[in-house]
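My questions will all concern the structure given below.
The letters A, B, C and D name the chains in turn, as written, and every chain counts its residues from 1.
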Amino acid sequence: MNDSGTVLAVCTCGGTLCGRLATERIATSPGFVSALVSPDLCLPAGRARAASWLRETAAGSLVVAACGIPAAAHAVAEVARVAGVAGHRTSLVDLREGCAWVHPRPDQATAKALRMVASAAAGVREGMPPAPDAEVRPSGRVLVVGTDPGSLAAAARLSELGCEAVQVTGKLERFEGQAGEFMARIRTDQGAECHAVGAVIAAGDAPAGPPVVQSGQRVAFLLEGDPWPSVTESTLSAALHLVRDRGCRVVVFFRDMGVAGRGLEELYREARGSGVTFVRMEAGPPALVEANGGWNITLDVPGLGPITETVDVLISGATAALQGTRGLAEVLGVAPRKGGWAPRERALLEPVATERSGVFVIGPARGPYTTDQAVRQGEAAAMAALSVAAPGAVMVSARASVDTERCAFCLTCLRVCPHQAVTTAMGQTMRVLPAACQGCGVCAAACPAGAIQITESPNRRLLAEMDALMDGPSLGGRPTVVFACANSAVPALQAMGRLRLSYPAAVLVVPVPCLGRLEPVHCVRPLAAGAGRVLLCGCYDRSCEHLVGPASARRMVERASALAGELGLDPGAIHVASLAPVDWHGIGHLLNVPCDTEGSAKVTAHATA
Amino acid sequence: MTLRAALAQGQFVVTAEASPPKGTNVAGAIAEVEHLRGRVQAFNVTDQQSSVMRLGSLALCYLLKERGLEPIFQVTCRDRNRIALQSDLLSAAALGIENVLCLTGDHVKLGDHPQAKPVFDLDSVSLLRAAAGLAQGQDMAGKKLDGVPNFFLGAVVSPGADPVEPQLLKMEKKAQAGAEFFQTQAIFAPDAFARFMEAARPMGKPVFAGIIMLKSAGMARFMNRNVPGVHVPDRLIEVMETAKDRQEASVGVAVELIRQLRPLCQGIHLMAMGWDHLLPRVLEQSGLTG
Amino acid sequence: MPAGSNLEAVLAAGRFAVTAELGPPKGTNLGVVERKAEILRHCCDAVNLTDNQTAIVRMSSLACAIHLRRMGLDPVMQMTCRDRNRLALQSDVLGAAGAGVRNFLCLSGDHQQFGNHPGAKNVFDLDSIQLIQVLAGMRDTRRFQGGDEFTGDIPMFIGAAANPFADPLPYRVVRLAKKARAGANFIQTQAVFDLEIFGRWMAQVRARGLHEQVAIMAGIVPLKSVGTARYMRDYVSGVVVPDAIVSRMEDAPDPKAEGMAIAVELIDAVREIPGVRGVHIMAVGWEDVVPILAERAGLLPRPLI
Amino acid sequence: MIVAQQKPLEEIRQMVRGFRRLLVLGCGTCTTVCFAGGEKEVGLLSTSLRSVLGQEIEIEEAVVQRQCEWEFLDQVGEAVGRAEAVLSLGCGVGVQGIGERYPGVVALPGLNTAFMGLTEAPGIWGERCMACGDCLLHRTGGICPVARCAKSLLNGPCGGVQDGHCEISVDNPCAWVLIYDRLTQQGRVEQLEEIIPARDWKASHSGGPRRIVRPDLRDMVGEEV
């Protein structure tokens, strides 16, 4: 490795940052062998100057302090590539949206910027080279489980696209591997057959679709229990469709609509606007009486007394339809281990995608559906499946690696991985399947031997960055450390930055791929170093792309809090908060609560809905 | 006069061992003790010595007590946990037995039930402390007793052990835990014993030097090989080897040792090794009778 | 060869036997033992001396048994495996037998966690069945467990406990059979309150012919208060107290009297069950009640054999 | 696997008090798998100790594959050399291994070694074997009454069974109920009629510290023990 130390490039954003930050002082941060101040790192000329400077310094690692827009990241990557500095030895500090634009006092903003730069410098020294890219050779075949209209549509579309659809009616017994390279075993009347496929589209084997609805009929949807996100989505679509296109009258009985996901609230508003009636079941489920081929639905509404709706068609099949797919979900490894199918509401997933890359769920497996919807979903799934299953070699970069020397073979990673991405290769070592791994870091956090490293956030780098961040010039208050989930809190913070909404400079942000990445040490160390509060900001349970992130964070925080108590630190100083990616309001509220008020313990963010 | 009173008056005391039978026939054991009535202050009733299963120490103590003899109830930690040990101690006190000698006990491997599970819930020091606690009116759980024992607690020490420092440390611990007298392992080297006593004297506890009847040169050599802390000097082995009458020689050796040890300590503890009939002669010749 | 105990003689004579329990004091006060023994002297055939019952340190059953023997009563020396290994157990048996004790009851013993020395190391070198075997070996083959032979006789009347009410129920009679096979002569059962379960168990006992191999004595616990009844029902493992009995205690104006009435009814009832050859009254600190129960149940006077 | 649990922090704090340079040494085998002494626990404990002890003490961290082998302990020789004391997060064997390999350094136990057991469910470990040296699982339906009965009874359950659980702890099923059920299921319930005589505890720890010598293997490595 070419290592003549670490260098620093500071971008003043055309000089606009100079008034808000003492950029020269930042450029003379200790620990760098050379520094460059540039007004235009994101422009070709600036990039070229930076690259030649970097070459001259012959530095081994590079810290760039610039802004939070994607162009900045591209600029850093290109400069480093041209100058021959490895990607894992570079670090980008968001001085603009993450500092200058959110901290109005220049002295405090500068103090914080100095800490951020120092933290990045500590981090690049602990950068870990990624595991080599792996090659995946998809077979060009897609398994389609189901015979409903959606499955047929998916199979047809796949054929058109030049992919082979393997449509099965038997029982899926085993399913393993990663996107592009799955192996599926199907049990049929004739025996078992195995298929190597690149993706799977599962519609499930629900016995029948929901009742056929005639134009002009009165229809009720009954959404019992927790809202299943896909149920919400398909119910809303179906209701809208029935009202708008079929002239039906539709009532949706619900307990909680759960419309925090992307587009769901809009859909909800549209449905309401189009005349769909929504009735909240506050005092338990309604009484159902069959009458004249239809149903009388009586619901007790607090404050109103009982109301009765008479309908022709009652659709409460959500749960029933899913029963039939329960086993399938388990085999596919996509459902939560309890409660049936339930592909949960994850805002960042495509409508038919699941948390397991290469596995798509459509039609009956998602809840009540209409034929139109099923067909649309089937076609969408076919398109999505094509992206991972199309024949030809694909290079996949590994997001996690296992140090087999350290691995104690305790199988914890295998048990906790939400993406089924960990396997025991030949029973000899643990292996992370690169195309299945989503880089959440849940396994890395759980591994007692510290044998699993997430390329993006290796243990030592994370700790080094945290420690450096906790050390430095005064920020005008006791620090609050915020672990920000890349899927929710990071975008929300960026939104705050873009909107120039301020929060205290003593808020120190540590981005993580998922809250599931965190361990007790991450919470306790900042407290021990003087932080007043540690805040873990991530997704809602139902929205977590990695399913278990918030839940495992809450469990972990229990232990961390107990430990903090033992250490004489404030056991009530660690909190987990959930928010939606666009919820700048919610995160702003969280960050602007001073860390030493009682109320901080009770604060939780709210979804924009 | 009891052992405790005799020591309080500064008398030089003599104790001897009584071995319970292997079976329920106690006549022999009692006869042996009766033989020494009036010559010996108190009798140590051994608790399954060398881990050989025998009639219980408590029962024989009781039988001696009934006959007006003074027993020293030996208790080991090998076979009983703290519940049984405290229970037995209470029983002893209820039956009028006050002298208790607390020992750790030999390992079961050395005896005739090597398959048994050794207990060792307590050790000699914690047993002494437990007994002392009972004498203060509470059991190990801190619960008050209905009727409080009045124990005179003893312990053992091995002055010939090499190194001797750990022995002294443990002796100190035992004294702190409640031991009011000490009986020693067999002594054959008065010089070493004198040095030991110098170190032990500040503890202010009476020490009875152990005298074992040497029965043959073979026994002496066996002890030298197998009994830690016992070393029979070559001179005494030679005396035994060349003796025409071994019993006579054995008495001679014991008497010689007693004479040498008497100025150094507060009493002697006789271990007859089956030659009980010789003890009266030993006591007479060393001027300890009456 | 008969062991020569009074209890053995009463049973051998075909009389319905009565034993009672005496808890030694938590201290050295022998007077307590004497007082309780005098209460029991004429109303039972033998007196059980408990061995640090519920793992609470008390005077030993050995000392008390010897003392009772000296008082002219027939003691049953209880021995548990919790606190003593095979050396101590055999040694205690020799000591007791040497002093004329003839009845020995072999128990596993309550776990120390329930007593006042929960930190004690438990022993359990033997279990109750193995202890019966060891004692029977000394009695019948003149061998100690270690294998050594000895001369002379150690007469013993060996007892054991049985619990017809604890899980797994079908196994309970198997365990009794093992105890009989190991050499037990008499059995004292856990407290009987539920006559139905007890009756079923006795039927199994008879089906295996075990009642002819061992003398079965039903355990009777007189309830002193409503609290005792509830406590026995809710907290004592292996005891089944039907709700009906608890209700009777609750509704009674004088619970003590009701407790005695229930005990007498239970004695009457078990007496009618074929194969039950006696009762064992466990009055746990309420020894005064034993003569009253014996009297009311028509068990007095006790035979002189 | 050997299952262990970290000692309370306060106890550890008292233990390391007065030492200025401490090595916290994890073990990469059993105690890693039971989440007591792997790299992560080493890191967390070190962080905690630094936090409560502050500048008083300098703490280094390391993990070896197994503390019960000298060859692995050799790999941390330098770190041990820098330390006044080594806080072992291995089992009791590991602590003693360190002591034997490096007699000059104070070896301290950071864990309470609990038992030999298995993972019953994530986060739950249960005792299965007491290493009594004379296995009788073939006579008890494959369930060990020595390890799993509070009284190690060999001939059936005591009276303290409540709803199939041991009266000592409702968390523990009665070993003899398990044995009964297993043998019933296997149709071998008649095995329970067999009286297991007083056993020989010599093979257990009751016979003193144990040692196994295999002459064939000893000759193989050509060393005298």
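The definition used in the following text is that a residue touches a chain if its C-beta (ideal position, glycine included) is under 8 Å from a C-beta of that chain, and two chains touch if they have at least 3 such contacts.
Just so we're clear, the structure is a prediction, and the values are computed from it rather than from any experiment.
Undergrad: Taking every chain's C-alpha mean, which one sits closest to the mean of all protein C-alpha atoms?
TA: D
Undergrad: Looking at C-D and B-C, which pair shares more C-beta contacts?
TA: B-C
Undergrad: Centroid of chain A to centroid of chain B, CA atoms only: how many Å?
TA: Whole-Å distance between the two chain centres: 78.
Undergrad: Averaged over CA atoms, how far is the centre of chain B from the centre of chain D? Could you give it in whole Å?
TA: 40
Undergrad: From the mean C-alpha coordinate of chain B to that of chain C, what's the distance rounded to whole Å?
TA: 38
Undergrad: For chain C, write out the residues touching at least two other chains, lowest number first.
TA: 82, 86, 122, 124-125, 145
Undergrad: Mind pulling the residue numbers of chain A that touch at least two other chains?
TA: none
Undergrad: On chain B, where are the residues touching two or more other chains?
TA: 108, 114-118
Undergrad: Examine which chains touch each other and state the graph shape they make (line, ring, star, complete, other).
TA: If you draw each chain as a dot and join those that touch, the picture is no line, ring, star or complete graph.
Undergrad: What's the complete list of touching chain pairs for this entry?
TA: Taking the chains two at a time, the touching pairs are A-D, B-C, B-D, C-D.
Undergrad: Quick check on the complex: what are the chain D residues that touch chain C?
TA: Residues 150-164, 167-168, 174, 176-177, 180-181, 192-193, 195-199, 201.
Undergrad: Would you pull the chain C residues touching chain B in the complex into a rising list?
TA: 25-30, 32, 51-52, 55-60, 62-64, 66-67, 82-88, 90-92, 94-99, 112, 115-117, 120-125, 144-148, 150-152, 154
Undergrad: Hey, which residues of chain A end up touching chain D in the complex?
TA: 406, 408-410, 412, 415, 447-451, 459, 463, 519-521, 524-525, 528, 563, 566-569
Undergrad: Okay, in this complex, where on chain D does chain A touch?
TA: Going by the criterion above, the answer is residues 8-10, 28-29, 32-33, 35, 38-41, 43-44, 47-48, 50-52, 63, 122.
Undergrad: Given the complex with chain D, which residues does chain B contribute to the contact?
TA: Residue positions touching the partner: 107-109, 114-118.
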